[in-house]
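Below are structures written as C-alpha cells.
Here subunit A shows up in two complexes: once beside subunit B, once beside subunit C.
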Partner chain A sequence: MSLAMINALVRKDITLYFKNRFFAFITVMGLVAYVVIYFLMPQAVDETLTMGWHGPELPAATIADFEEEGLVLRPYDSRAALQKAVQSGDVLVGVVVQQDFLQKLRLGQKPQVTVLSKSDLPDEYRSAFRLVLEELGHALAGRSLSLEVDETVLGPDMAGHNVAPRRRMLPVLAVILLITETLGLASLISSEVETGTVQALLATPLRVEGLFVSKGITGVILAFSQVLLIIAITGGLEREPLLVLTILLLSSVLMTGLSLLIASVARDMLSVIGWGTLVMVAMAIPSFNVLMPGLTSGWIKAIPSYYVVDPIYRVTNLGAGWSQVGTSLLALLGFSMLSFALGVATLGRRLQ
Partner chain B sequence: MAPEAIVAQDLTYNYGNLVAVDHVSFSVADNQIIGFLGPNGAGKSTVVKMLSGQLRPKAGKATVLGVDVARWPKRVQAQAGICFEITNLYEEMTAVDNLNLFARLFSVNGFDAEALLNRVGLGGRGHDLVSRYSKGMKQRLMVARALLNRPKILFLDEPTNGLDPVSAEAIRNIILEERERGATIFLTTHDMMEADKLSDRVAFINQGRIAAIDTPLALKQKYGKRSLKAQVMGSDGRLKSREVALDEASTPEAVSELFSKEQVVTLHSEEATLEDIFIRITGRGLV
Partner chain C sequence: MSLRRVGVLFGKEFIHGPKNYMFILSLVAPLLLSLLLSLVFGTYFGGKSRLGLVDQGGSQLRGLVQKNEAVSVRIYGSLQELRDASARGSVDVGLMLPPQFDQHIRSNDQTKMTVYVWGESRLRDRLVVASAITHAVHQIAGHELPVEIVQDVLGGETSIPWEKRLLPMIVLMPLVFAGSLVPATSLVTEKTKHTLTALAASPATLGEVYMAKGLIGVLLSLVTSIMVLSLNRAFIGESALLLGVLLMGSVFGASIGVLLGAAIKDINTLFAVIKGMGLLLYAPALIRMFPQVPQWIARLFPTYYVIQPVLEISQNNAGWSEIAPEMGVLVGLIAVSLLAAARMATRGGEA
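Right, the complex of A and B next:
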C-alpha cells in the first residue's frame, strides 16, 4: 500500500462522487439551502409574552412593572377587536374584564374574567397566563405575595439571551449534511461492488486494507469539508475552534463507518436510499432534542449522533469547553471507532 | 524443457454444496497459450480466480511464476494481467482515466495510455466516457487494462465472448502479440475455433474436472476421425455424397474404388473439430 495508490483511489472516488448527478446536486444545493435556511431563521429569541386586554384602563406603573418582567399588556377597544387579535396571533391570549373589575378587586370580591386563546395554545402557556392573571390581580388590589425567592441558575444563565432558533438549528444542519454524505459514499461503494470494479482493483497489488483506507479518507474528506464549511460560514468556529474541528472530524469518521455498513448490505442506489433513510431517521432524532428540549428522554443517548449534536450545540451556543464536553467527545470517539470497525468488517466480508 | 509458468495441483473449490472445481491438476509451460475450454458453469472462471489470487482454493495448491498464489496473491497479481469475464470498467470515467488509475495501482512509471489505446484500436477515443463505448470497444479496453503492466502472465476470461468478428479478431491478434512478447497466456473460452487457432495446448474442463489436456493436433489425432468427403454424379444426374474414412487399412482401396467407379465432382478432406472431440469425450456440447 503506497501513498500514490491511496491518492489515486481518493481522487477517483471524489471524481465519481461528483459525477453522480443526484449526489452532486444535493451536495451543492444542500450547502446553499442550509446556509440560506440558517440566515432566514430568527437571529434572536423574543422572550416577551404579549397579552391583549379589554377592560378598564390599567395604572401605567403596573403596566411598566409587568413589561420589565417580560409581559406586554396591549389594550383593545372592544372584545371583537381583541378576539380578532388572538385569532391572528398578534397576542397569545386576550383577557376581557368588566368595567367594575378594579373596584371589585379592591373590595375583595371575585370579578369575572374571560380569557380568550387559540385552540392550539399549549397547556403550559394557559397555566402560565393563569398565574400571570393572579399576580396581576394581587398587584391591582395592592397586595403582594409574601414569598422570599432565592433563584439559583444551574449552568450558564440564558435569561434575556436565549439561544436563537438559527443557532439551535446549527447542529441539526451539521447532522443532515453528514448523513447526506454518508448516503453518497455508500452509494459509490455499493455501485463499485455491484459493477465488479472493486474486484478489478483488488486484482492489482492494492490490498484490501489500502482500499478501506482510501474509502475512509474519501468519506472523511467529503463529510468533514462540507460540514466544516457550513459551520464556518454560520460562525460556529468563533468559540473553541480546535474543539469544534475535533468534533466534526470524529463525526465524519462515524458517518464514514456508517457508509461502509450501508454499502455492505445495499445492492444498488435504491437500496442505499432505503437503508440510508432508516439510518437518517435514527440519527436525526437527537436533533429534535436540541430544537425542542424536553421532547425526548434519556434513551436518545444511545444514538451515536447524540454525541455529534450535543457537543456542537454546547460548544457553539453555550460556550462549553473541552472539560464540559469531554465525556461526549469520548463517547463520540468510541462510536466512531466502533462504526468504522463494523463497517470494515461487514464490507470486507461482502468483498470476500 | 521450458520452466512451468503455472502449476496446479489438486485445485478444488466449492460454493456451498456445489463443487465448482474438483481436484484439477495441470501445468503450463512458460510463454505458452493454454486454452481452457468448457461450457458455461464448467468451472473455468473459478480456476482463473484461484490462479490469479482472487479466490483461495479450498484444497490443493497453485503456483504461478514460481509463487504460491494462496500465500502470496499480491506477488502474483503484480506480474499478472487479468481480463475479467464481466465488463468491470469505471463507465463514468474516460478510457485514459481508467488506464491511468490502474497504472498507478501497478506503479507503472511513464505509462502512455494513448499508445496502449492505439494498440487495441481505440486511438482517438481515449477521452470519451467509457459509458459511450460499444461492447466491443469496452472489451478492447478491458484487454488494454490487462496489458498495462506488461504482465508475465495474462488471464483472459472469455475475452471475445459476444463480440463482432472485427473486435474478436483484433483481440486474438493482441493475444498472439503478447505471446511473441514473452507472456504466458491462460485463455478461457467456449469458442473451439478460437481455442484451436490460438492455443499451444487446450484443456477440456467439464463439471469441474479436466477431461483431456494436450495440443489441439494431438487431441485431434487421438480422438478425431479424418475422412475424405466427395460429391459424385449419380446415374440420375443428381449429386450424391460419398465419405471415405482415412487412417484405416482399407483406405487406399476405398479411395481407388471411388475414383475408378464414380464420377467425382468435388473432393475435400475433413478433420474433426475440437468441438466434435469435446462432445465425444464429455458426452455434452459446449453451450
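Right, the complex of A and C next:
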C-alpha cells in the first residue's frame, strides 16, 4: 500500500466527484441553501406573551412577578393607539380596562376587561391570553390558593434564554449535508464497480486495503470539509471547537461507512438515490426530534445519527462539554467503526 | 380478475419500487415540502403549550384542563412516566395530582402538587400551563372569575391563520405525489421499456396490472398522508373516520394516476399533462389560501371533496353526518374514474 498511490486515488476521486454535475450541483447549492436557510430563520425565541395595556397603572410588584413568568404588559395612552398596535401586529392582543378597574376588583364587583385581537389570531393564543388575564385578575384581587408546589426543572433550565429555531436547525443541516455526501461517494464507487475501473485498479500494485483506505479518506474529506464549513459559518465552533471537530470527524467516518454499504447494493446513480434516500430518511429522524422534542422515545437511540445530532445540539446550544457528551461520543465511535467495517466487508464481497 | 395475480404484481411493485427514483421522491417530497412550509410559517415552533398529567384520585382538574384550548394534555400512568416525558420534552410541564386533591382544594387545606418542568420549555408555555392549572383549581374551589372578559375581534372574519390556509395544500401533496405520480410514471415507464407488452404475454390481464399499480399508489399515498398530517399536528379528531377519508382520497388519487398512465405514451407528455393538471388538482387548496375569493368556486374541483372532509374532521372535529355529502360526491368520482380505468384496460387488452 503506497501513500503516493493513495494520494493519487484520493485526488482522482475528488476530481471525479465534482465532474458529476448532479452531485457537484447539489453540493454547492446545498451549501449555499443551508447557509441561507440558517440565516433566514429567527435568531431568537420570543418566550414572552406581550399584551398592550390601556388602563390604570398596576401594582409594580404584581407586574414584576408576571414579567418574571413571561407576561409583558406594554402600556398605551389611548384605546385608538392600542387598536392600531394590535392591527399592525406590534402586539398580539390589547387589553382595555376602565380607570376604576382596581377598585372594582378589590370590592369584588367583577370589572369588565376588553380584549382586542385580530381575527387571524389562532384560537390557542386567544385562549392562552384569556387564561393569563384571568390569572392576573385573581392575583390583583388577592385571591390565592392553598397549593404547595414541589417543582423540579429537568435538564438545563433555559427559561429566558431558550435555543433559537436556527440553532435547533444546525444539527439537522449537518446531518442532511453529511448524508448528501454519502450519496455522492456511493455513486462514485458504484459507477467505478459497474464500469470495471475498480477491477482495473486492483490489477495494479494497489491492494484491496489501499483501495478502501483511499475511498475512506475521500469520503471523510468530502463530508468533513463541507460540514465543517457550514458549522463554522453558522457559529457552531464558538464553544468547545475541538469537541465539535471530533464529533464531525467521527460523523464523517460513519457516513463514509454508510456510503460503502449503499455502493455495495446500488447499480447506478438512480438506485444510489433510491437506497440513499431511504438511509437519509432514517438518519434524519433524530434531527427532527431536536426540532420537535418529545416526538419519539427511547428507540431513537438505536439510530446511529442520534449520536451525531445529540452531541452537536448539546455542545453548541446547551453548553455541554466532553464529560457530558462522552457516552454519546463513544457510541458514535462504535457506530462509525461498525458502519465502516460493514461497508468494507459488503463492498469487498461485491468486488470478489 | 385474479386477486392472486394482482397480489403477485403488487408484491413485485413493492419490492422493485424503492429502486425507482419517483417512488422515493413521492415519499420524501411531501414530507420535505410540508416541513419547509411549516418552518417558514412557524407551525413547528408555535402550537399549544403541553401539559402531562398523572391523576391519582380522579380529579375534576383533568377534564377541565382537557377542555382548555390553550393547552394540549397527555395522561401518564405513573410518576416515572411523567418524569421521563418531561425530561425528553414530550410535555412542557408535568403535573402529578395527589389522591383526594379536589376535596383538599374545596376545604382549603394545604395541598402538595409535584411538578416537573422541561428545562428547554419556553417561559410563555410554563406561564400558560400554570395559568390553565390555576384556572381549573379556582373552578374546583368554586371561585368566581374576578373579571368579565369581552373579546373584541378586529378586522374582517376572513382573516385565517396561514398555517390553516396551507393545510389543504399539505393534505393534497401526498395524493398528487404518491397517489397519482407513482402509478402514472410506473405505467408509462413500463410502456416505454415495452415490459407492459411482455406482461400481456403472461396470464395477467391489463386490468390486473392497473389494479396492482393503483394499489401501490393507494398505499404510498395513505402512508405519506398520515405522516404529513401527523407532522403538522393535524392527525386529530375521529381517527378511524379520518383514516377512512384518507383511504378514499388515496384511491381517488391513484385512480387518476392509473388513468393518466393508461392514456399517455411517454414520460415527457406525462409530466406536461401533470403540470397542466396541477392547477386543476391544487385549485381548491389555492382558493382556500385566499379567503377573498368566493369559496364556493372550490366545490367545482374534484379534489375539494377529498380535502374538505379531512379539514372538517381534523379542524372542526366533524363526524360522519357532517361530511356525508362530500363523501357521497367523492365515492361518485372514484366510481367514474375506476370505470374509465376499467374501460381503458378492456380496450388496451383488446388492442
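One rule holds for everything that comes next: the second predicted complex is superposed on the first by the 256 of 352 C-alpha atoms of A that agree within 3 Å, B and C clash if a C-alpha of one lies under 4 Å from a C-alpha of the other, contacts with A are read in each partner's own complex, and residues count from 1 in each chain.
As a working rule, a contact is a pair of C-beta atoms (placed from the backbone, for glycine too) under 8 Å apart; a residue touches a chain by one contact, two chains touch by 3 or more.
Values in this document were obtained by computation on a predicted structure and should not be read as measured data.
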{"item": "Which superposed partner A:281 touches (first subunit B, second subunit C, both, neither)", "value": "second"}
{"item": "Of subunit B and subunit C, the chain that contacts the larger number of subunit A residues", "value": "C"}
{"item": "Touching partner for A:12 - first (subunit B), second (subunit C), both, neither", "value": "first"}
{"item": "Partner chain(s) touched by A:2 [first = subunit B, second = subunit C, both, neither]", "value": "first"}
{"item": "Subunit B versus subunit C as contact partner of A:204, first or second or both or neither", "value": "first"}
{"item": "Touched partner set for A:124, first subunit B, second subunit C, both or neither", "value": "second"}
{"item": "Partner chain in contact with A:196 - subunit B first, subunit C second, else both or neither", "value": "first"}
{"item": "Partner chain in contact with A:324 - subunit B first, subunit C second, else both or neither", "value": "neither"}
{"item": "Of subunit B, residues touching subunit A in the complex", "value": "52-54, 74, 77-78, 80, 82, 84, 86, 88-93, 97, 100-102, 104-107, 145"}
{"item": "Complex contact set, residues of subunit A against subunit C", "value": "41-42, 45-49, 69-71, 83, 86-87, 105, 108, 110-128, 130-135, 137-138, 140-141, 143, 145-160, 162-163, 165, 169, 270-271, 273-275, 277-278, 280-281, 288, 291-294, 297"}
{"item": "Contact set on subunit C toward subunit A in their complex", "value": "18-21, 23-25, 27-28, 31, 35, 39, 44-50, 68-70, 83, 85-91, 104-105, 108-124, 126-128, 130-132, 134-135, 137-138, 141, 143-161, 163"}
{"item": "Of all residues in subunit A, those that touch subunit B in their complex", "value": "2, 4-5, 7-9, 12, 15-16, 19-20, 195-197, 199-207"}
